[in-house]
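See the structures that follow.
The following pair of complexes shares a single chain, subunit A, combined with subunit B in the former and subunit C in the latter.
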Partner chain A sequence: MSNGLIPQSLLLNQPARKKRVLAGRWYEYRDAFILVAPALIIFSIFVIYPVINTIQLSFYEYGLTDPNLEFVGFQNYEQIFQDSVFWRALRNNGIILVGSVLVQVGGGVILAAVLSRGIRWGKTFFRTLHFAPVMMSTVAVGVLWQLIYDPGVGILNAIIKAFGLRPPSQGWLGDPNLVMFAILAAACWQYTGYVMTIVLAGMESVPGELYEASALDGANEVQNFFYITLPVSRNVIIAAILITMIGAVKVFDIVYVLTRGGPANSSQVIGTYIYYNAFTVNQAGYASAIAVVLLVIAIGFGALQLRFTRQI
Partner chain B sequence: MRYKISLYVSVLIVLVSALSFAPALSQDAPVTLDFFFLGDEITNPFVEEIIAAFEADNPNIAINFQSYPNEAYKTAIQVSLGSDDAPDILFNWNGEDTGRFVREGHLLDLTPYAESFGWYDAINPAALDAFTFNGVLYGVPYSLEAKYYYYNTTIFEQQSLTVPQTFDELLQVCGTLRDAGITPMSFGNQERWEGVHYMTIFNQKVVGEETILADYSLDVSPDTLFTDPGYAIAFQRLLDMQNAGCFADAVNATTPDAALAQFLVQQVAMYYQGTWIMGNLSANDFANYGMFRMPPMTDDAAQGNQNYALLGPISLQVSSSTEAPDAAAAFLNYFISQPVQQRFVEMTNRIPVRADALTDEIGTPELRNVVSDLATTEGAVAWLDVVLENSVSEAYLNAIQEVLAGTLTPTQAMENIRTVALDAQQSLGLGGS
Partner chain C sequence: MKKTISKDGFATGLTYILLSAYSIVIILPALWMVFSSLKKMLELFTAPFSPPVEPQWINFANAWSAGISRYLFNSLIITSVSVLLIVVVSAMAAYAFARLRFPFRVPLYLLLIVGFAIPVHTTLIPLYRTLNSANLLNTYPGVIGPYVAFGIPFSVLLLYAFFVQFPSEIEDAARIDGCDTWQMVIRIVLPLSLPAMSSVAIFQTVFLWNEFSVALITLSDDAMRTIPLGLTTFQGQWTTNWPSLLAAVTLASIPLLLIFIILQRQFINSLAGFSK
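== the complex of A and B ==
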């Protein structure tokens, strides 16, 4: 019996017909398989295999230069739970996540709203200006901010001193209580323009009739922002939040360039802590276990993004 | 690791010049040797020059030279040794940095080459000892590196300061300079190793060389491992310097390069750094400087010999997986030959490993002064982070940053280090554990 949605051929269960049906299906999907095969092969080599390999290695104790692998079961995972630096790194990822969502997304939305309807001239100039840091390599951004924070010649300390204030004696990147916020500022400087661009694309697609109607009702621009722009752009903003959150979970480069996780591990994030264990203290097995934990967290956020993206 | 500097003097006097010229190797089949080196703008041109000369003498040997800065090198060498594409020749420090690679089977036994090339007669024996494990030689030292205070003679003259003769006088010099509105010292501890150099010499001066050598080996009773109260006092000495205003602000946020720059632009009066920066000073035409070792500590807490130096050799080693061990050994032999070592002194202003490479005509007066001064010392300690087992070394490196940042007291720092050391001792099966 067919419900009209399933092809009649698939409901037949005679063996000979079934074989022919399967052959037919293969023929039907063959071109699709051929087309995706290159991507699938590359994905398997560079993503699937390393992931499986990392999971496997996370059950061993070994160093990068140590040819002897010792199977230790779940010992590396048990160590994670007792490792205060891991939890500090996770907390630091949390600081970057919350800070990035607040500053990058918050700032990006405000900038996008201003550029969308707040100003009448110079839109292209300001768009380019805010997007420019995104075009820079993170290493270059890190070096730039290192100079800004430099305790001797940095412009930040010079400004603070110009106001008669005393900069932090341990430096912005040397004080365990300040370092994460210093890193966050550099990251937000680079990526707020990126979020702005995404959100601006959403805001530009808001139908003009809505604003015309609200103008007839006497609404001002602030009311327009809260009652039209934000609700209509909601899905784009959610997508921007999820992209920012995933970026915060897997952050590595800006932290590595600015502090390498220091001073004394106070700015470690999970990404740099994996690197530290693998390449500095030669505990590659433990680093693999942390990488697996990071993978699980990233998959969680990825699933969240997928769910919201489908809704969009 | 201890180095008998007196041996260095002996070598200076009795050194034979058997290795004056590198013999050309009869290499039939063409080979390419990968050479990983820790280099900078001073040493790289020297290495490139001597590679070109070696290749000209040995047309069937090509050398693929890859130079890395300090931190990048530490990663690169581990990654490549762990792969199937290890370099044939590599730079390395002594102590645990070599010991680990020996245990893991990455290094070639160079003893037969040392005997046939006559390295035992030509090179400072103490430096060779530093790369000898269970009677087997795994590295050929090519330079010695010592730690000194560099001071700006112009600033010292302007402030009527003299070279401090004791640690307390050093603190007084800091106070005088601060009062004059001058930052006494730069200190770039962002990469953590400058701090560990301070702690290396403080541990030796306060705790004493015998106790630290025993503790660093981890092969002592777990009950006494890193329990000497002198270790916390040594940390306190570092804090004493910080509290006396010796250091520029933000030591944990300052890179060694930035610290050197502060000294070069005369922003600070002193800088405690290795002899490897003498080449940088020459290259920048910076001549108004003098040098002195960390001054002796004269209080009762200081149990160590106060006439020790902070000194370590650096070496070239050969990978056990090389397919051309003879060619690699021939290059090492060329690298430490007398003419090449003289060229090394001329181009880099660093301490050679052969005494006959340093003459009145070759090398700067400052370099000759350093060598003469080292000859007056009664012993030496090598860098703490190089000697200690990796996890204990890391604990020390982090603890120093925390003590400087005020997030750990000296006592807490030593408790953390002892905990890590006990774990390391147990996992290595040392100390009767």
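== the complex of A and C ==
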């Protein structure tokens, strides 16, 4: 039966195997789509459709629940350019962005460096304690800090008076020049420990041999920090900066709870200004246009993050 | 620790001073919160720094009966159902993306991942209009739907990274033993990926337990409110009853803090380890 060179069974098997492979591939497609479908459907309904719909709706004028929309072209976008509150909100996002990067990442890197190199005991204790505020909701942090800043019962004014100083007369949250910094302080209280923990994870992967070698060269800890720790954990620090920046673009809860964007819109950020226009003064068309602007900014930062995390 | 700066006592001292200073910054507001939540209103003004003379547990009873119990229950239902759905749905999708070959695999994956960059505030208006016309405002599904959707991108990303590294030899062995895809997933892949999935679950639990924006537009009915939303209700109502308001904030913060202290390694790995 066999020709002696090629086993008969293998010859006979060729077409059958091909069929089985094709059938197998079809089953694989079927399984894959069954597996992917739920995520894709839920995501399409609650994210993709609303995003597309927001873009559409930004060309109309309407109230939040109005069934009738009035097409206005680019009018909402033109309004944005002339709206000083929008620019103020954008600037406030900028203040939070720069302030958060300086305080949270700056402070987080210093704390992480100290924790990873400098101490022998208490590391877990400090890390746990510094991370704990992340577990509180931003709303809880906001309510707490609103009372801390309160001119009547607030502990901050009590401390300042105890030092014989005079607290700001309009209150911390009532003074348009102070309010953004008061908000920033509350946000930093919650998130500096978070950034520290991210950076710490990166610094702990620095090989100990590097420090041993530098000790032989007689380097001190400050030199170690600048010549070893910082360069080696550069990628983690960049990731932390990007996470912090994206958080600043999306900021909403802390501002809403502390000030609702007040006094007189002075602490409005893009997020709260969208909410204000759509849900408070019922200008949903204008709010949609602002939402599109936010979307563009956020995608810009998202692309930046994708680029950098790919390198990591 | 390969080496510490023990040689240099001055630097060590400085290190502890720095860490302690920041610890005080963290502890002081929290301590003030707990002390004040146990005080009488008048004590807040007369003795702002001291511990309560006589703990006023009534403030906690007030907060509890004024709605915290109901808000806790809502948060528990909404968070647990959402997290369960996120993990199941994301793990299924991530497994397919990592392990199976099918048309449009890459574009579909990118479509899901791009959602990571989309701020929820860009979707609130259509979300509200849709939920309103579907009569889903003030319902659990109305808030769980968006929660699951916004949890998917990051979860798929993490689980995809896990499944890609998953040794295919184990799967091949299972196939040789005669398992089909489904048996293999349930008997082999699922048990082995529990750590990755619990990491995703922890991350989403913390995020959703504290979520505010979607809850704010979806749940206006007091009986449906979650913990963060309920706190803003108290904030509006108790403008002169600060001890009870702070008791509410304390009560609202306890559950996650407690779980965090018990499972802190897992929590820190889940919430802060993803940049590695």
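Rule of thumb we're sticking to: the second predicted complex is superposed on the first by the 275 of 312 C-alpha atoms of A that agree within 3 Å, B and C clash if a C-alpha of one lies under 4 Å from a C-alpha of the other, contacts with A are read in each partner's own complex, and residues count from 1 in each chain.
Keep this in mind: contacts are C-beta pairs under 8 Å (C-beta built on N, C-alpha and C of every residue); 3 or more make two chains touch, one makes a residue touch a chain.
Because the structure is a prediction, the values reported are computed rather than measured.
J.: A:279 contacts which: subunit B (first), subunit C (second), both, neither?
T.: both
J.: Would you sort A:301 into first (subunit B), second (subunit C), both or neither based on which partner it touches?
T.: A:301 sits against subunit C, while subunit B stays out of touch.
J.: In the overlay, answer first, second, both or neither for which of subunit B and subunit C A:264 touches.
T.: first
J.: Examine A:102 and indicate which partner it touches, taking first as subunit B and second as subunit C; both and neither are also allowed.
T.: neither
J.: Residues of subunit A touched by subunit B versus by subunit C: which partner has the larger set?
T.: C
J.: On the A-aligned overlay, A:111 touches which partner chain: subunit B = first, subunit C = second, or both, or neither?
T.: second
J.: Quick check for you: in the superposed arrangement, does A:133 touch first (subunit B), second (subunit C), both or neither?
T.: In the superposition, A:133 touches subunit C alone.
J.: Let me test your reading of the model: by the given contact rule, A:64 touches which partner, first (subunit B), second (subunit C), both or neither?
T.: both
J.: Identify the partner contact of A:169: answer first if only subunit B is touched, second if only subunit C is, both if each is, neither if none is.
T.: In the superposition, A:169 touches subunit B alone.
J.: Now for A:213: first (subunit B), second (subunit C), both, or neither, which partner does it touch?
T.: In the superposition, A:213 contacts neither subunit B nor subunit C.
J.: Take the contacts of subunit A with subunit B and those with subunit C, and give the residues found in both.
T.: Dual-contact residues (subunit A): 64-65, 150, 152, 279.
J.: How about subunit B: which of its residues touch subunit A in the complex?
T.: Residue list for subunit B touching subunit A: 71, 74-75, 78-79, 81-82, 100-101, 104-106, 190-192, 248-254, 258, 262, 267, 390-391, 394, 398-399, 401-402, 404-405, 407.
J.: For a test of understanding, state which residues of subunit A touch subunit C in their complex under the given definition.
T.: Result: residues 25, 27-29, 31-33, 35-36, 38-40, 42-43, 45-51, 53-54, 57, 64-65, 107, 110-111, 114-115, 117-120, 122, 124, 126-140, 143-148, 150, 152-153, 155, 158, 189, 192-194, 197-198, 200-202, 205, 208-209, 211-212, 215, 220-221, 236, 239-240, 243, 246, 249-250, 252-253, 256-257, 270-271, 274-275, 278-279, 284, 287-288, 291-292, 294-295, 298-299, 301-303, 305, 309, 312 of subunit A touch subunit C.
J.: Can you check the complex and tell me which residues of subunit A touch subunit B?
T.: 63-67, 149-152, 167-176, 259-260, 262-266, 279-282
J.: Would you pull the subunit C residues touching subunit A in the complex into a rising list?
T.: 1-6, 8, 11-12, 15-16, 18-19, 22-23, 25-30, 32-33, 36, 44-45, 48-49, 85, 88-90, 92-93, 95-97, 100-103, 105, 108, 111-112, 114-130, 132, 145-146, 148-150, 152-153, 156, 181-182, 206, 209-210, 212-213, 216-217, 227-229, 231-232, 234-235, 242, 245-246, 249, 252-253, 256-257, 260-261, 264, 267-268, 271-273, 275-276
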